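Chain lettering (A, B, C and D) follows the sequence in which the chains are written, and residue indices restart at 1 in each chain.
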Amino acid sequence: MLLLTIFLPFVITLVILLLGEKRIYARNGILMAISIFEFVVVLSHSQAVLAGKLSPMTLADLDFFTLTFNVDPLSLLLGSLISFLWIFTTSYSIGYMSGEHALVRYFSSLTVCLGATMGIIFSANLMTFFIFYEILTIAVYPLVIHEETEEAYRAGVVYMVYLLSGGTLVFFGIILTYYLSGGNITFTIGGIPQLVKASPAMLYLLLFLFSAGFGVKAAIIPLHVWLPRAMVAPTPVSALLHAVAVVNMGLYAFIRMIYNIFGPALFAHLKMNNILAVPAVFTIILAAIAALRMDKIKKLLAYSTINQLSYVILGASSLHPIALLGALVHLVYHSVMKITLFYSAGTIIKRTGKTKIREMSGLAKTMPVACAGFAIGALGISGLPPIAGWVSKWYFVKGFLELERPWLGAVFIISTILEIGFFAPPVLYAYFGGNIGSQQVQENKHTNADDDCRFEAPLDMLIPLAVVTILSVTFGLFGSLPFVFGRAAINSLLPK
Amino acid sequence: MIHLFSSASDNGSHLQVLIPVMLICTALVLHLIYYWRPRICPYIATGIISLSFISALILLVKVIHSPNGYLEYFAGHSWSGQRYLASGQPIGIVVRTDLFGALIAALVTGLGTLASIYSKHYIPHTIKTSNIGYYYCLLVLMIAGMAGICLTGDCFNFYVFLEVASISSYGLVAMPQTKQSLEAAFKYMVVGALGSILLVFGIVLLFSATGTLNMAYAAQQVHKIVTAPPGNPLHNFRHLVFASLGMFIIGLSVKSAFFPAHAWLADAHPAAPSSISALLSGLMVKSTGVFLFIRFLFTVFGLHKHEYGMLLAPLLMIIAVITILGGSVFAIAQNDIKRMLAYSTVAQMGYILMGVSLISPAGLEGAILHIFNHALMKSLLFMSAGALIYKTGIRDIREMSRIGYRMPVTMVCFTVAAMSMIGIPPLNGFMSKWALAKAALDANLPMLVVVLLISSLLNAVYYFRVVGTAFFGRAQQHEEIPHADIIRNNHGHSLLQNSYGYYSLADKDRPNENEQELPWGMLMPLIILAAAILFFGVKVGILREIIRPAVQVLWR
Amino acid sequence: MNNSLIVKVVSQKMVPFIIMLGASIILHGAATPGGGFQGGVVIGAAYILFALGIDAKTARLRLPVIKVKIVESAGVLIYAFTGLGGILLGSNFLANKIVLFPPQGEPGGLFGGGTLIPITIGVGIHVACTVASLYYAFVEYEGEPKPDKETE
Amino acid sequence: MIARFDYIAAVILFSIGLYALVVKPNLIKKLIGLNIIETSVYLFLIASGDVRLGIYTNQWAASNVIDNPQRAVQGLEPMINPIPSALVLTAIVVSVCVTAIALSVVVKLYQHYGTLDAREIASLKG
């Protein structure tokens, strides 16, 4: 069943390619079915995994390494999150993209992304991980350039250069690991044992290679350039990049690197947690300041993502169970909230063609659901109490206080203030701004003819938006599922 | 037949000589057959090459099962059965095939079969009809030469076969008779002849020093000379050995297009017909260049045994690094797809040299693995590029947008090979890069791994450019190819000369415009090669089981 | 080509003698300096002389391209089959034994070379034909009208 | 060393040939240069077959040389080695082939460009 989650999407891709541009309903049906199927299959593993049963599965022996897959609590957490959000990504994409060009390419790439993401999450060693990591990189390219404008192609080039360079560094890291550990590249609880014997210089090099390589996907600041550029893509793709697959895979890789390659003991012994904290703090503050200057909604969201991702890196590198729990939970919450933000922003852009913050003025009257979603997401990301984000921030701060590093806790406070600073304008404009926006609502030429503006957007866009908005609120008030998986993950990552 | 497969008195096999002999004999009658029955000529060529492929496979199996890892066959000895002089020097020409040679011979004949199948449809649109007979003649001769190089064990035999292969390839490069191909052929010929003459020089010096042309015996003598203490008369022959080594290194560097001498390759390989480009890039630079490089450096000069190996290694390593980076950087700058592939070949030759320069069994293993894998990948790349040119007449990468939708199978095959070239894991290119990287780390030279990775990244840049344009390029219509003059080929099709001076069929005369993308005869080699790339990526163990003992034989 | 009569006659009368010399060199290839290549070149040179004496087209009529090519290939095949004879008779490729020529010559004599005799004959035929056809390839080449530009 | 005037001649010939090959723009002259280089190597080859000329020569007797170098060095077994001559023949054949093909290519090039100047025949770059 596990292999099915990984390889079925690739088969489905072929089916989509064969169906062609014409058979829209069949394609949509298949896409929804595969998304729901994935979620069900991933969840079906939870019983066994939470009970502590791991069963690695070797698919092929490739002489130097094996293609092996495994489920552990961390991959269960990520897998269920992503397959769950995929349902909304698919349905939102179907709505958003209806009538666009090259949909076969779009949806087949999307499905390859699903398979690759699942492959990354369930891989049990570095090489298997790397194969799917690169497949994901390549599969996202057609999505980035989907608009086929000059800007999109330039963004595509930037994307490819950054991501492939990152992949190369990762690959070098893998070779070095292979070399240092004498051929053992399996993710091991507590780290790969053979690495302890390696010389510190080599291990620092390894840390550099992995962090720089994964840092591209996780958008650590000097390596983040591709992420705001890739905003030219359609909104569902941005959501995919920022909330669902791509950057989360960078974070996942970081967590795997810290806990399953180096291992907490070695990591702490070499003071790597302090080293890794530097770029993370740097990124958090700089990205927040950069976001203050942005006047486009999607750019603002991009920098907000960069800022939030480093929370997770900072929390994960702390090696403290509470901060780690905060990181894992934040991974989930951030995804949910960011997808809310993107969907509401996307709905606004699709319906009104507005991209600037100032243009959102007074929009709440014409598009109440979208603006409510945006406001809730913004509040959540900023970390205001009733909505999801505050829980994880609370854990971060608590963890760092327990670690007696209050200044790292202070970073979160500063960042929160900055976030309120940059998220306030759009929300305030939307709800309390002058009514200049309402006259300019223009009919988008792509919307269906039968949609006579009874709703502010087609239902297949509004429903996912509403669901993820509600989720953001519920997770804030009583979200227990992420904690169940998260605690299990911590037990497996940080052995007593 | 009496002793067709194994010789009566030696441990050799008749196949060792029969493979080149039957190819050469067929080649010489092929152009006569073309006069007589033009239509059966391609079939005869394909048949004889595939027959030699089967023979090479049988030979490979025999070599694998031979106790020493090589077969020795004495050609042209006296009837009395005397094989050696009293001093232990063999009489006559010794055809000595070890595992390495047998493997490459199988590769040569196998790829030759595919190229010859591919040629049947491709060639009539590239060269004059009256030359087709000569084309097949030269093709078979070239394969005979390359197979002969791999099978013999005699210095001068190497030279003769090398020249057979080289001269036929000069003719093949010139065969389209366009400005480019003629100019490229001239350059190729001058540089190639210079390289060959340096090789003769090397062989003569080696002969002067050791008094033999037999490689195994020469190796013993070289060992004696190099280890002779000062005062021993043999000590005086050291200089000859060193001079000979230098000549071999320079001559073979020219032949295998290492850095300062790489320019001819970038001209010659793109100018040839694509089926020949595939063989030139895939096999020619290897069998006449790197194969002999490994053969002479390890088997004869014993680089791993003597101290001059340690002196040469850094030099070779520097050349390798410059070749890798230079080739990759130049490849990025190209707009002509075949020229880009040719520069990519230069870079890949650097990889192989890098494996050799480590002077370790692991490095050699990686180098041989890469020889094999690169032959498959680059043949496929050139053949699919040729198919693009055959169908659409487009050589310029910038004009290729959306071509992947017009010719899906071809472009998918191209993509598979390109991904393998970049080093995407389950494909065979990754396996050899991995082996090279591991060897470099074993030799404690992580910088080489960095070079390898930078080059992979550059590979990714230029191959992705093609694949990206082909599948996701701008949908705009490309401009009309500016054509200087229109000529007519032998089928009455008008040929357009584009801005690069290459001829291509005009749109209306393009074959099978509305039918399937390519004739099956051209599609089949592509698909077979793509499957082979995948197969040898997943089942790399099969190759390593052959290569590991092959390296042991070389290492002795 | 308007040669003087003397040149024409002498060149034609010389041809058989040159061919005789070539044949002699070929046949004695096994025992003395010389052999197939040298003798073949001499015979080829005889033909070139012949063609120079009369004009090339007439010479061409005496020796059509296709015949040259057939004989040329036959030369190589003689070599190859001599080699294969060794295998068929139970030894190795090109193994040397006096089997094709009944008179068993003394070592150093005309027939002392064993299989070397057919080999040198094959090589000689091949080389002679090659030299002749090379000459024709260049002499009879009908190029397109050339521009008048000359270098150096 | 001066005794080996043949080697010196070979080196001089080689230099002349290389000069012609590199410097002369005319394609035919380049080919002549190539042939001169080849000739120099043949000269060297044949000269190295002559045992009488000194110790840096081929020692074909040579199964003897390596086993019993003194005798050959002392000139007790003076003999001209036939193998280099045979090799030279093969090499000459090869060079004839190369020259023939190269000349035919030059003819075709002349037909395309109307010149034999290598500086003007330069459509391939990069």
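Everything that follows uses one rule, which is that a contact is a pair of C-beta atoms (placed from the backbone, for glycine too) under 8 Å apart; a residue touches a chain by one contact, two chains touch by 3 or more.
Here the structure is a predicted model, which is why all the values come from computation and not from measurement.
Chain pairs B-D and B-C differ in how many C-beta pairs are in contact, and the one with more is B-D. With respect to chain B, maximal separation of chain centres occurs for A (centres as means of Cα atoms). Averaged Cα coordinates give chain A a centre that lies 80 Å from the centre of chain C. If you average the Cα atoms of chain B and of chain D, the two centres end up 26 Å apart. Rounded to whole angstrom units, the spacing between the C-alpha centres of chain A and chain D is 69.
The mean-CA centres of chain B and chain C are about 34 angstrom from one another, to the nearest whole unit. Multi-chain contact residues of chain D, defined as those touching 2 or more other chains: 104. Among the residues of chain A, none is found touching two or more other chains.
A list of each chain pair in contact follows: A-B, B-C, B-D, C-D. Only residues 21, 27, 30-31, 34, 37-38, 41, 44-45, 48, 55-60, 62-67, 69-70, 73, 83-84, 87, 90-91, 94-95, 97-98, 101-102, 104-106, 108-109, 112-113, 121-124, 126 of chain D touch chain B when the two sit together in their complex.
The residues of chain A lying in touch with chain B in their complex are 60, 62-64, 67, 105, 127, 130-131, 134, 141-142, 145, 148, 153, 156, 160-161, 164-165, 168-169, 171-172, 175-176, 178-179.
Touching chain A in their complex are the following residues of chain B: 423-426, 431, 434-435, 437-438, 441-442, 446, 449-450, 453-454, 456-457, 460-461, 464, 468, 471-472, 474-475, 537-538, 540-541, 544.
Listing the residues of chain B that touch chain D in their complex gives 85-87, 89, 156, 159-160, 163, 167, 170-171, 174, 177-180, 182-187, 189-190, 193-194, 196-197, 200-201, 203-204, 207-208, 210-213, 221, 224, 233-234, 236, 239-240, 266-267, 271, 330, 333-334, 339, 501.
Interface residues of chain B, counted against chain C in their complex, comprise 2-4, 7-10, 12, 14, 17-18, 21, 24-25, 28-29, 31-32, 35, 73-79, 92-93.
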